[in-house]
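Read through the structures below before going on.
Here subunit A shows up in two complexes: once beside subunit B, once beside subunit C.
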Partner chain A sequence: MARSLRLYFRLLSIQLRSQMTFRISFWIDMLTTGLLNVSYFASTYLVLERFGNIAGWTIAELAFIYGMAEISFGLMDMIFSGFDPDWFSNFVRQGALDQLLLRPVNLFAQLFGSRFLLRRLGRILQGALVLAYAFANLPVAWTAPKLAYLPLVIISQIVAMGALFMMGSTLIIWTIQPIEAVNIITYGGVEMMSYPASIYSTWLRGLFTYLVPLVFLNYYPALFFLDRPDPLGFPVFAPFLAPAAAGVMLWLALRFWHFGLTHYQSTGT
Partner chain B sequence: MRFFLRIIKLSLLQQTTYRAALAAGLATNFVFGLLRAAVVAALYNSQETVNGLPLQAALTYIAIGQAMIAFLFLFGGYDLMMTVYSGSIAADLVRPVSIFTLWMGRDIGKALVNLVVRGLVLLLVFSLFYPLILPDSPAAWLWTVVSLLLAWLISYAWRFLINVTSFWTPDARGLGRAAFTASQVFSGFLIPLRLYPDWVGQLSQHTPFPAMFNTSLEVYLGLLQGPALWRALINQAAWALGLSLLCFLLLRLGLRRLVIQGG
Partner chain C sequence: MAEIVRVRDLRKTFRVLDRRPGLSGSLLNLVAPRHHEIRAVEGVSFDLQPGDLVGYLGPNGAGKSTTIKVLTGLLVPSGGEVRARGMTPWAERERYVRGIGAVFGNRTTLWWDLPVIDSLELLEPMYEIPRERFTRNLKEFSELLDLGPFLDTPVRSLSLGQRMRADLCAALLHEPELVFLDEPTIGLDVVAKEAIRQFIRHVNRERGVTMLLTTHDLSDVERLCERVMILDHGRLLYDGTLLELNARFESNWTLKVDFDEEYRDASLPGLQPPLREGRQAIYSFDHRALPSAEVIQALLARFKIADLEVRRPPLEETIRRIYAQKLLLP
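Let's look at the complex of A and B:
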């Protein structure tokens, strides 16, 4: 375990050094990505100027839920770059996975260490800006339990969405081609998480409650942080299910991953 | 002209080869359409009409937007730029047509497939979930088609302009990202322009972006009638012409200094 971690950080430092070769161009690129992405939230902000609220949520409350989802997704996309199904598909097709499997070290350490996209900081920066706006404008009392739970929720979101990436990559062991339906769950999932779940139709909400339980990762915790009542009538402990939901998703993803690996056949390239 | 038709035909064949990718793109566009429609419906809450845009029209607007992403290339594109950076543009430059015409032919082929397979199918599926508005007269259909063709031309010229900057800079992609983000927001693709505060709509009228999308949708929904309709169509035609001329000018200047490396 310690050896695997050491290897991971070793690979990580190599990744970071190579990505930071052109330092100035890297930071400019990151800043522009962040600012450009902010324009998507800005357009929602402007529309809310006309409407006042969305499903009873003010712009600051919306900024909170939106910023949380964006920050977590950005962090996940950076840490789990090696499990991005689109990239993993190329990885498998070129036979690069064979190389990793042949080495006498932990596969996860190698895969996580094989790709760590620092440029995702752009999206993370965007999430941070939106979230900072929310914190500055929310009339919410930040009690100790809330402050303690907040980082836990972000970690849970990273784990849950990372588990989805991992499941999408596992499918590639059989299909080689990336399955676009996975994008619906991952990218569609973060889009869904960026708005109050009460606005969606029953079956769409059902999909993200029972099949892919993403509503417990952002919407319900947000109700707790923002002191909002639950219009959907779930039990009072629903806001605290985020770590459990993430844990279950990760467990399933790992089981599926190991199952997939035992069926791995190289593409022969 | 015969050469131009050949390019279109080749591109049609190429595009229909990847059927699974077409179906997958369709599914993604559809689900995102549902998510976006839910946001708009929630914004309206119990209001029936906002700034002259009824709820049903707004939902139709979102559905058509999702259906037209691939036809109008609303997310932008970097095809020409990639041939500049790889050097394969050299092979295109010896062809008997200008690369403006060449890429237009290639894009028309793609657009036709996307219009039928991704556009029309998506609208059919969408109409099962939300009642969509249809133009009520043959004239309205005609103006919609004219307006959509003009929007397509403006979108093509805009993409071409951005791609041509790669003749001058090795990092035209960054510029492209900014340019295509701007066009997504100010064309009304993200949210209908009428739902923004009035000053945003007025500001965007000074750019070609509304003419790439919002205008055609307003024509389709019958929001523009009489003189307003004429003004909108003339405005689109002017942008199409102006941007195309700019493309030719930039291409001319750019070709003079283009150096193709390697091969």
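Let's look at the complex of A and C:
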């Protein structure tokens, strides 16, 4: 384990060094992704300004839930870059997975170390700005339990989204080709997390409650942080299920990954 | 001595999606995927002894790469038994690959964006090679392979020959006891090929490393291997020495003769009439039934001869005959 971590950080430092050598393209990338995402929120903001709220959620409350999802997704996208299904399918097709399998090193350490997109900082920063706006405008008392739970929720979100990336990549071990349906779950799931779950139709909410339990990762914790009642009638501990839901998702993703690898067919002759 | 690799009845079947063309086709693929099976390896058995350098031959799609991918722990076979270095490769991957090396001619195992030396240095912690052994090996191999001039060049900027040499060095730094070479001379010029062959022979002889070599260039095999295995359609057709292969399957030798005078009839008793062109004649004979010395004696007894040359068919032709005529099939 310690050896895997050491190697991961060594591979990481190589990644960062090579990304920093192309400094100009790095800053442009970071700025454009940041600006793009700011414009998403800005357009929502303009709409909200006219209506005042969505389903009883104020702009600050919406900013809170959106900012959390953005920060987590940005961090996940940076840390789990090597498991991004779109990138991973190219990686497998070029036979690069073979190269990793030939090394006497934990495969995860190598895959995590194969890609680390620093330019995702743009999206993270943008999420942080939106979250800062929420903090400044929310009439909420930030008690000690809330402050302690907040980082735990963010970590759970990163783990849960990362697990989705991993599952998507496992499918690619079979198909080699990228599968659009996977993106519906990953990117669609994140999009869903950016808004209160109560605005969605029952079947969609059901999908993200029972099949991919993302509502427990952002919506329910948000109810707790914002002192809002639960309109859906789940047990009172529902807001605190985030770490458990993330843990289960990660466990399933790991099992699926190991199973998938025994069916790996490699490429070429 | 106990074998280092033991393969029994190895089988690997791939399931391949039949892709239907067009938009409606890709929708159909999604809803009702159709598969067909490719039996890449169908019951292959062999042993490798420590220190062996064995040529693994076969036409494209014969199942060579699949065998190597199973033996390197990349693929899980569909059936059969594989023990190598006392382990089951795919089941104990991390421990197993520590003692093997692999070189693939068509792709590098190095880090594309890193200078060669950084790539090689990265292998030291990965394989936990003791520092002084690492330095000693790096020095020896980079001298033998003449890596000096391009140690600081990123791998992506290397020529094919340079890349192959760097890859060979990388595959051996951790002193593996078992090395797989998949087309190590593919696309190289004569000089580069020779350098690689010499290096392979050196490592096999001096360090006793067991090697399995697949190649399409049969002169690699003639130069390096005493033993060859021939694979076709997923089955092993031949496993034995190169000498025996030639003795059994070589086609006729030829004898080219330049006469000193014009002869109208140059035929010899017991031989097909030769091909003629001016003062030249080319005889074809089965050297197993009639040694070349006897043919030459018979010629000298009858004709005045300026020059003669005995030619054996190239190994390539022998192997081609084996595939084409299925000589080895029961």
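By definition in this document, the second predicted complex is superposed on the first by the 262 of 269 C-alpha atoms of A that agree within 3 Å, B and C clash if a C-alpha of one lies under 4 Å from a C-alpha of the other, contacts with A are read in each partner's own complex, and residues count from 1 in each chain.
What we mean here is this: a contact is a pair of C-beta atoms (placed from the backbone, for glycine too) under 8 Å apart; a residue touches a chain by one contact, two chains touch by 3 or more.
The structure presented is a predicted model; accordingly, all values stated were derived computationally and were not measured.
Contacts of A:M20 after superposition on the shared chain: neither subunit B nor subunit C is touched. When both complexes are overlaid on chain A, the residue A:L102 reaches subunit C alone and has no touch with subunit B.
More residues of subunit A lie in touch with B than with the remaining chain of the pair subunit B and subunit C. After overlaying the two complexes on the shared chain, residue contacts for A:Q265 are found with subunit C alone; subunit B is out of touch. After overlaying the two complexes on the shared chain, residue contacts for A:L31 are found with neither subunit B nor subunit C. By the touch criterion defined above, A:L5 lies against neither subunit B nor subunit C after alignment on the C-alpha atoms of chain A. Of the two partner chains placed around the shared chain by superposition, subunit B is the only one that A:I54 touches, whereas subunit C remains out of contact.
Every residue of subunit B that touches subunit A in the complex is listed here, in rising order: 20-21, 24-25, 27-28, 31-32, 34-35, 38-39, 41-45, 50-51, 171, 174, 177-178, 181-182, 185, 190-191, 195-197, 200.
Listing the residues of subunit A that touch subunit B in their complex gives 25, 29, 32-33, 36, 39-40, 43-44, 46-51, 54-55, 177, 179-181, 183-184, 187-188, 191-192, 195-196, 199-201, 204.
Of all residues in subunit C, only 14-15, 17, 60-61, 64-65, 69, 72-76, 90, 93-95, 97-98, 102, 104, 106-109, 111, 113-114, 118, 122, 125-128 touch subunit A in the complex they form. By the touch criterion given at the top, residues 3, 6-7, 10, 14, 18, 94-95, 98-99, 101-106, 175, 262-266, 268-269 of subunit A touch subunit C in their complex.
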